[in-house]
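Would you mind keeping the following structure in view while I ask a few things?
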């Protein structure tokens, strides 16, 4: 049986094709692409690309589960399930004992608590505010004129941070422009920004209750500076899957 | 299933006009006995002009209600406010300052439940009667008050019946429809509404689900004034069964029929001698001892109430709905969450802004919660 | 930095680095000891400041000592009753405010956030709740609050009661909305009932003679406070760092004690001294040459005194380091009075103590309709001849900010501009210094133009 999971987020869309025939379990193909302005088009696009990559035809797919913010708008999906259940299922696939999932996406972030069977039992979402999401880091990287990929290196190499007091992305941007103007080292600002985003996440983690093992997913999980900062403050080891951006789509395919 | 509501009352009494009210601790009996039609202000309009009177971080329901009054004060002969919360207190002040032609009264509701509080509340109710008389109402005698009590009790009993049917067979009523009917019960002419509801309850039951078994994923909704069509539609779309409720615009409005057995003898002990005051005391006691609002002092009693409800109806999860900036309700959540954790009952916390909800985000959260439980 | 400031900073750092109840208790024991207080006493900027600190520290030390029963109280309670019952009062809202000044607010607010206290709640209460969750406050034996001034106190205090397992020792006083003889009677009954209950639980009886003595002491404090307030109708030359908003703890929490009376007597004597200097400046006394320093304060010229703009400060102020008051001083603006310093209650009758305290509570301008607050402010505006008023609109303070428009319009009617400063008294992150300074500057320009 071949199932498909499609995760349409506000920034990126993913599709995963899963081959579960003959007791196998294999990711036949996965695709990540920007969502752009049309979530329906984006879903169709990643689905078709995944089919091409895997060599399967549409008829061979027994179920298509849609998840993410655009899940209600995919007419060719057979089912829709929220990204809470899908991320939980996807994570458990990589790290079966996971008890807490931290997902930081382009425009939202969430913390999901799992029971001993890997089922979600509680969750918290922040989708009202850019602080604590990938967008926050993007805006700041632009203001600093530094690549996001350089954050990890700078974070590791810098010892002292400067505190960013603004909690709002817009005001934080003004704040760092002002800091640069006052001659504060960019490296210290980068370090401060990483801690800023982790503070928002930690606030959610504390409300829900931290339980190890913890797994991080979403595009921002690829930013090792953020992962490291979270590990440092929470004093734990955080697992990150090989491709953290597809856990939602993978989970959706597994639940199909 | 809707019938046209005739605004003219069934009896021959001329209604003197509408008196608006905001909080369920306002006894409609007294308004009706004075010859007025009580009509709850439900924050229909989106806040616009009212933003000029309140700070940004202020109860959105109050802002919408102020907008309603700014737009249509002439619909009402007067408005009864209560000191239910800081927001309401300032709403009353702003109403008097900026809509001066609309007579407004502040009903002082105590936070405690004891003999001093009862005396306090009866004293407030007597002042309310004077206000209504000064606003052109009748001075009611015992007969008028008894009549009013009877008609209000009847309405509440019918609403309780409706609520029971809703709980046992939600699909036959529909979540959005249920709350619409409740809104009408608080705003329309009492006699006409009673007639309508009797007809509705006696009529054929639309049985989309013929099973009378309690729902497998029954939730309890707890909150303040939550009356968003789009929100309740989501419950319908997701087939989320509401097996118990504790809300300002539903249970806290009609669960005020008889005195709990623990209050036996309170009225006799109150020392009121004349029959009229005894009736007022009855009203006061029923109000103070009904399933209480989060603004009341004894939150421990409220937690116990909710725990009993959860056990009685086999509740699988609690959906906690609050208007943003409502300190009384929002500060109840830490206590409630602790109790629910001890009972192993998961809860979903949703904060909304009256007339300004993000349906997509709420749908995701509710759907995820239902997937969990 | 003066020695007193250095000591204060040292203590703050110590507490920040060793944040627990036992350490706080230890520090309080040390600094409240007689010799230490005397030694430090001389280093304070002003006598008022010195007595304020001494009595506040002693009051806190008593609360932490576990030697006396402790009761949490909300701000506008008749604390005379606490003292009559031998209970040591602890005011979480005020001490929550202190966390701002001590640089602890970040941590207490973070703790509150992780325990599901809504982030839209006033930070005085949020910080106090966070401190309780962190175990920083002394354990209470009783918790007392009232429906004045706000909802937040009633709810957070109940949560505290649950946390300490003393729900049966939590009391909420219902102050009737309108003042009337019936209201006084209802409130007096409540106070008497609560008092009996507490006394019974303490295993003692309230001594009526002792109670009468407390009431008399409160009247003495009231007399001095009124004298201070009257003097301030003329005073423009204040002692260094004097700020009427710093005296909230003794004004409420120590009402009925000898310390409150003594404090206000000393404030009066000190301000009287400064008034004499001020009169000397105006009459051209060569002893007070402009530019010289008198007790740490630069002597202004007579002209400067004449040109001083008089400000009424409404509600509360930010407790973290800020430049609002320095900006006012630099522009020759003086806060001649604060809403919080208003003696709003009549003389208390020691023969009828419960009634007297009921009258005290019912006289609070923050009770009931906003008309009461407006009338109090208009009276102050007239008596102090103010040029402008500033309302610090603390985030989440709905009882106050909900009436801001009415306050502004009421003052506009008597031609007095009101500046509404949106900010947060404790959370620096929720307040923008740049924005506040800009607004204050704009206001100063408006008032200067008019006068």
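Per-chain numbering from 1; labels A, B and C assigned in written order.
We adopt the following convention: a residue touches a chain if its C-beta (ideal position, glycine included) is under 8 Å from a C-beta of that chain, and two chains touch if they have at least 3 such contacts.
All figures in this text were calculated on a predicted structure; none of them were measured in a lab.
*Asks:* On a CA-centroid basis, which chain has its centre farthest from chain A's?
*Replies:* C
*Asks:* Once you count every C-beta pair in contact for both, which comes out on top, B-C or A-C?
*Replies:* B-C
*Asks:* Chain B to chain C: how many Å between their CA centres?
*Replies:* Here chain B and chain C have centroids separated by 38 Å.
*Asks:* Please tell me the distance, in whole Å, between the geometric centres of chain A and chain C computed from their C-alpha atoms.
*Replies:* 48
*Asks:* Considering chain A alone, which of its residues make contact with at least two other chains?
*Replies:* Residues: none.
*Asks:* Mind pulling the residue numbers of chain C that touch at least two other chains?
*Replies:* Answer for chain C, listing residues that touch two or more other chains: 115-116.
*Asks:* Can you tell me which positions in chain A touch chain B when the two form their complex?
*Replies:* 69, 72, 81-85, 119-123, 125, 127-128
*Asks:* If we count contacts the way the header does, which residues on chain B are in touch with chain C in the complex?
*Replies:* The contact residues of chain B facing chain C are 52-55, 57-59, 83, 85-87, 89-94, 96-97, 106, 108, 110-112, 116-117, 119-120, 123-124, 294-295, 297, 299-300, 324-325, 327-328, 330-335, 337, 349.
*Asks:* Give the list of chain C residues in touch with chain B in this complex.
*Replies:* Answer in residue numbers: 115-118, 120-121, 147, 150-152, 154-156, 158-159, 162, 167, 170, 172, 174, 176-178, 182, 186, 189-190, 193, 369-371, 393, 395-396, 398-399, 401-406, 409, 422.
*Asks:* Could you pull out which chain C residues touch chain A in their complex?
*Replies:* 110, 113-116, 428-430, 432
*Asks:* Write out the stretch or stretches of chain B touching chain A in their complex.
*Replies:* Interface residues on chain B, with respect to chain A: 346, 360-361, 363-365, 367-368, 371-372.
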